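Each of the next two complexes has chain A plus one more chain, namely chain B in the first and chain C in the second.
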Partner chain A sequence: MTTSVQSFPRTLRLPSLDRAAVWIVLVVLVLLAGLVSDAFFKLNYLTNLVRQAAPVGITAVGVTFVMLLRGVDLSVGAIVSMSAVVCALVMGGKVDNLWLGIAAAIACGSAVGLANGLLIAYGKGSAFILTLGMSIVVYGLVQMGTGGTARGIVSPGFRETLNGRIGGVLPVLVICLLLAVAVGIFLQSRTRFGRNAYLIGANPDAARLAGLPVSRVTVVAYMVSGFFAALGGLALLARTGVSGTNPGAGMEFDVLAAVVLGGTTFSGGRGGVGGTFAGVLVLIIALNLANVAGLPFAAQLAVKGAIIIAASAAYSWIGRRGGGLGRE
Partner chain B sequence: MRPLQATALACQRLPRIYWALFLLVLAGLVSTPQFGTAANLANVLEQSATLAILALGQAAVIAGGMIDLSVGQLVGLITVVACMLFEAYPAMSLPIIAVCLGLAAFVGLVNGELVNRLRMSPLILTFGMLSILQGAIFMLTDRSVGQAPPVMTFLANGRIAGIPASLLLVAAIAVGAWYLLQRSVFGWHLLAIGNSAESARKAGLNLASRTRTAFVLSGLCAGIAGLLVAGRLGTGFPNAGSGLELDSIVAVVLGGTLLKGGRVSVAGILGAVLFLGVLSNILNLLQVPAFTQIVVKGLIVIAAILVDRPREAAAA
Partner chain C sequence: MTMPLLQTRALTRRFPGVVALANVDFAADGGEVHAVCGANGAGKSTLMNVLSGTILPSSGSVSVAGQEVSFASPADARAAGVSIVYQEFSSIPELTVADNIYLGREFHGPLHTVDRRAAVRAAGVLLERHGIALDANAMVGSLGVADRQLVELARALSTDARILILDEPTAVLSIAEQEKLFGVIRSLREKGLLVLYISHRLEEIFEIADRVSVMRDGALVATRAKADLTETELVRLMTGREVSAPHPPEPIPAGSRTVLTLSGLATDGSAVELRQGEILGLAGLVGAGRTSIAHRIVGLRPRSGFTAALDGAPLPDDPARVLEAGVVYMTEDRKRDGIFGPLAITSNATAAALKRFSSAGFLRLRRERAAAGEMLRGLRLVAASLDTPIASLSGGNQQKVLFARALMTAPRVLICDEPTRGVDVGAKEEIYGVLRRLAGEGVAIIVISSELNEVLALSHRIAVVRDGRITATMDNAGLDEHSLTVAATGVALRSAQG
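Entry: the complex of A and B
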């Protein structure tokens, strides 16, 4: 037991090029962006870029754990929406309700994640469809709660603090994103939960036979995903200041793209939060490049798609090792 | 005894979704008198046609262990292109239809070729394609444009000998899909690839060719669905297809097709599409508020996948 646990991570760490791939893509994109725009390497611009990435990035940290376990979480977009709406509603524009609003949002997100985890661990249904169904349910509940119009006001100070810059330079949301990534990296590499997630994702049957708590780890992973999605919703609320009714719509796809770009594939057991962070940056810079190039919104959508494909293709090309099909 | 045994066997083989459909129809008959009328039932069938065609195309890709997220926006693109072209060239309905189907199949071909050549995850690739197609649509128009050719309007709303034309179209496509996926060599190979791409490759199957064909079929079905949507709406609505990709995946999976590939059931998909159509029809007739309907739909998706579990586990 001990030897197998100790030797396994070593084989996981071996494919260095595999892990470096997304970073190579990131560096190329950054250089490209520098060529396209003079402003790109200015500190303000860079920090602003990373600040934009905060909602998707924080959410993607949680989804990484689910993907490590060969799962997927399509409900995060809806959880982001719910978190923003619940937080604004509970705050109701009062300073006193600041922490209550934040706590309520996080509690709701974690609860949905818990429900996802229980259904997937003990219901044994397809995670793709289950979390899709959950996202529909949560979206419906949010709409019922708001009545279809934007309600709820954030507490004074909430947006000012979170969307501000420390010393006029470093945006608070960037720190939040880095913190989330740091917590994620700690979880994956320093806790039993993280190690189990890798082992179970690499081979669920073997993990079960070896007596690892597969169901429990699954439940925790989806809860972590819901928790981070709730934080992502708070970050989004901090950026926009108004909750709207469905601010997280479609975000699950951005998150998924970022995680997969980062090297945590659908086959599980490989990748990690570090790669996800790079994946998020690749995605955000790609979108920004299209924006900087002065393209109209429609063309930006097309370019976004092309860049996702190109980056992912480059990634799989760099990361491909011996005869793999690269399908998953 | 013979017929009885045969019936029992048929019931056993019947995809589970038909039991849910049966119960749902019973509930509909009991809860609202409008449900059982011929006009309403025909309406449900007509409304379900688009999703049925889209889901059958999606099934080809999913059977091979892949996924196609681009079909929804492809429906939107074809709807817009068809209506714009018809407004510009009103005399050329049939060539326009041919061009649209060609375009849709070409998008499928591009998907398939890229999956083959770039060796990337179909999910990411078709997600990128979703975005590209969305961009293409909005480059063409940001509001409803043009007009649907009468051929398409007839296809969507017309009747042949009292039977909705769209129903006949679905039936034809379903038979084709059943043959291709469950009876032909192509289908066997595709399912083998879905079961284990690695084993299929070692057995000497031509993965690239099967993958390409599966995506072309999916694109083609999205094209037909797009024409049908144009016919129903009468005009090219740019957002006509958004979200349809997920609906199609839900229908395929509810019908008992494994998302990881290797098993497919055309009959199950048709049952699942009907189930979703009947459900939304009953909720509408009962005047359930839109937001509540959304919640119910989500819960049904969750419940259905959980009920389907034992069989899936047995097959896996």
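Entry: the complex of A and C
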């Protein structure tokens, strides 16, 4: 470790404990699920499971960037609802309006994200309170727009396509989720925006001193969060149809749980989209196990909460032990 | 010969893959200040951790006053009379001095209530006995750093310590505050205590220590009386090699143009000018406003009262634009606003110059890595890989990465605030080398340092700072630490001394 290295080797880097933790949990949980239920390792069951995770998973990709920056986005549940409602209203059951509906949903989601970002970057308020407030505003707007009843009809072909399976095996929604994750990983590791998010989250003061565009990156991160939440809303609309005026209610907590489980903690600068993806799977499998075990819905909620508490306790424990970093 | 108060025999501590302590036979007596020094990783922290019961030795023994002891915990060590005062403050600002001294060991009245009056009484006696001028009722939050340090010291003494370990106690103190601490240390020595004093700062060791033990690579290489030791000899023992004595800087090439002009900063109304290839030292007491001047130049604070111009054109106000213009500030506090702790060395090195390694917003990772590697090799970074998180590097290597970050922006003016703080002796020389090389390449440099010999070794000219303004500027010829101290402290100190 302390030999003078004249050329720095590209080492095979062992993932540190905080990065590996969620994957270990995932493997354990998958094995456990296989033991509990014979059906678990059936391809159909597995793909269905991941399909269920698509709305939360796609939304969580965007929230990961906000959390890397030490921020938080509690408005994604409301954005998911808005996206689904706006899309169905604009489509109005016409094939011609298919793309218009999708574009309108994405535009609305990104606009709310932009508003979040501007308020947080330039208003210097707490992300927690501001996005909470924004979620109430958006919820109110959606109620005003719909008059409080489920309205709008999706274009023919929208649900059929997204709920289809390619080659009769691989659900389209699963591909959408994987695509979102791939885009997220590309953003975080190959773009200046992604690098800036890690740097600013790791040490905002040092970032300012290094001349990084802290405010701009913050605005973009919340926009990215709103954009992916809109896509999550479309995925939810495809899965459940026009089922109400607030289909994304409470989803922000599942999303936060998945992101934190995945190792992107509230302290910023650590973690990433890969971990978030594993976090989403852990969450969905755990809930399925609870379901298979016959726990009532209320008990499943308690399980979900317990998972979040356990995960955040585990990460702070790892963090205290230095996260695998050596010290003298 | 009498029994030493503290003695270790063949003390060894292994960590996976490293021998942190190798057969250390160490002895120290009551009534002495015994300095323990060595480069980072030499094993002095491990030795102190074993002596204070924080970690167990792998083999070997420790005896206190002839009695073999085995400390399973810091509480065991305290019971045997060994107390340690760490670098970082652990006192609670919202409590009084007395409450802090007896924190966790409160006096109890009937009904198990906390008897604060008894604590104040006991603290008063303790402070009086050790000649520490502190009010037991004062809030710790209202005290200066030096006094807070004394609170930590008093807490260590309150357990009837016979052996007191001080780990880098002056890291945050100014010269005057340091004198106050040294006064207390001397009075402890009078009372027969053994003070083990760990420090990077050689001047200090020569001022306060009676004997010096030097550690290197986990072994104790020498214990000498201060009188038998010169500074050069001590550095040689610590590094295991000859370190050249600081030589005066190369003269600035003739015909160098003025790069930076600071108007309205000097008390006599003249403009302070910095030329290409020139190193200007800013000397002054801690709190004199040296860092504030640097912050104001680069726009981190409003530039009230003076103007800064680069090549004759006014410098922008926005820190990011100042950086772009080529004026770069390197922080005095790496952890606060220097390093991106969990991130890789590469990301840390290129943070300020990411635009160079991206096109249309996409990173050119291979180019980034190659540039970082080349720059860091030039700075002689020691690290296993460029993917290592910067937080796991030693202070000196972290500083080299921060130098790489600054140099990646191709600066015209570099402002280094305490460039060698928390850096061991070997790396210090390397950093001096880097600064001299940069000056040779035409970069204009401002060095801020509390170590006068550092300012003297590096600077062409030295500006003395008091109350956030430059009170004098002089050529570095025929200056020594004494004349510089007089200039830095000025009339204020002399009149205070009577």
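Keep in mind that, in the parts below, the second predicted complex is superposed on the first by the 290 of 328 C-alpha atoms of A that agree within 3 Å, B and C clash if a C-alpha of one lies under 4 Å from a C-alpha of the other, contacts with A are read in each partner's own complex, and residues count from 1 in each chain.
We adopt the following convention: contacts are C-beta pairs under 8 Å (C-beta built on N, C-alpha and C of every residue); 3 or more make two chains touch, one makes a residue touch a chain.
Only a predicted model underlies this, so the values are computations on that prediction, with no experimental measurement involved.
In the superposed model, A:149 lies in contact with neither chain B nor chain C.
In the superposed model, A:202 makes contact with chain C only, not with chain B. Look at A:299: by the touch rule set out above, it reaches chain B but stays clear of chain C. With both structures placed on the common chain, the touch criterion links A:125 to chain B but leaves chain C unconnected.
Applying the stated contact rule after C-alpha superposition, one finds that A:212 touches chain C and leaves chain B untouched.
Comparing chain B with chain C, the partner in contact with more residues of chain A is B.
When the shared chain is aligned, chain C comes close enough to touch A:190, but chain B does not. Note: residues 325-328 of chain A belong to the chain B contact set and to the chain C contact set alike, using the contact criterion stated above. By the touch rule above, chain A contacts chain C in their complex via residues 1-11, 13, 189-193, 195-196, 198-199, 202-203, 205-213, 269-270, 323, 325-328.
Contacts from chain B toward chain A in the complex involve residues 65-66, 114-115, 118-125, 127-139, 142, 197-198, 201, 207, 246, 249-250, 253-254, 259, 289-302, 305-306, 308-309, 312-313. On the side of chain A, the complex with chain B involves touching residues 119, 123-126, 128-130, 132-141, 143-144, 148, 253, 256-257, 260-261, 265-266, 296-309, 312-313, 316-317, 320, 324-328. Listed in rising order, the residues of chain C touching chain A in the complex are 17, 40-41, 45, 300, 319-320, 323-324, 329, 331, 336-343, 347, 351-352, 354-355, 358, 361-363, 365, 373, 376-377, 380-387, 389, 391-392, 394, 405.
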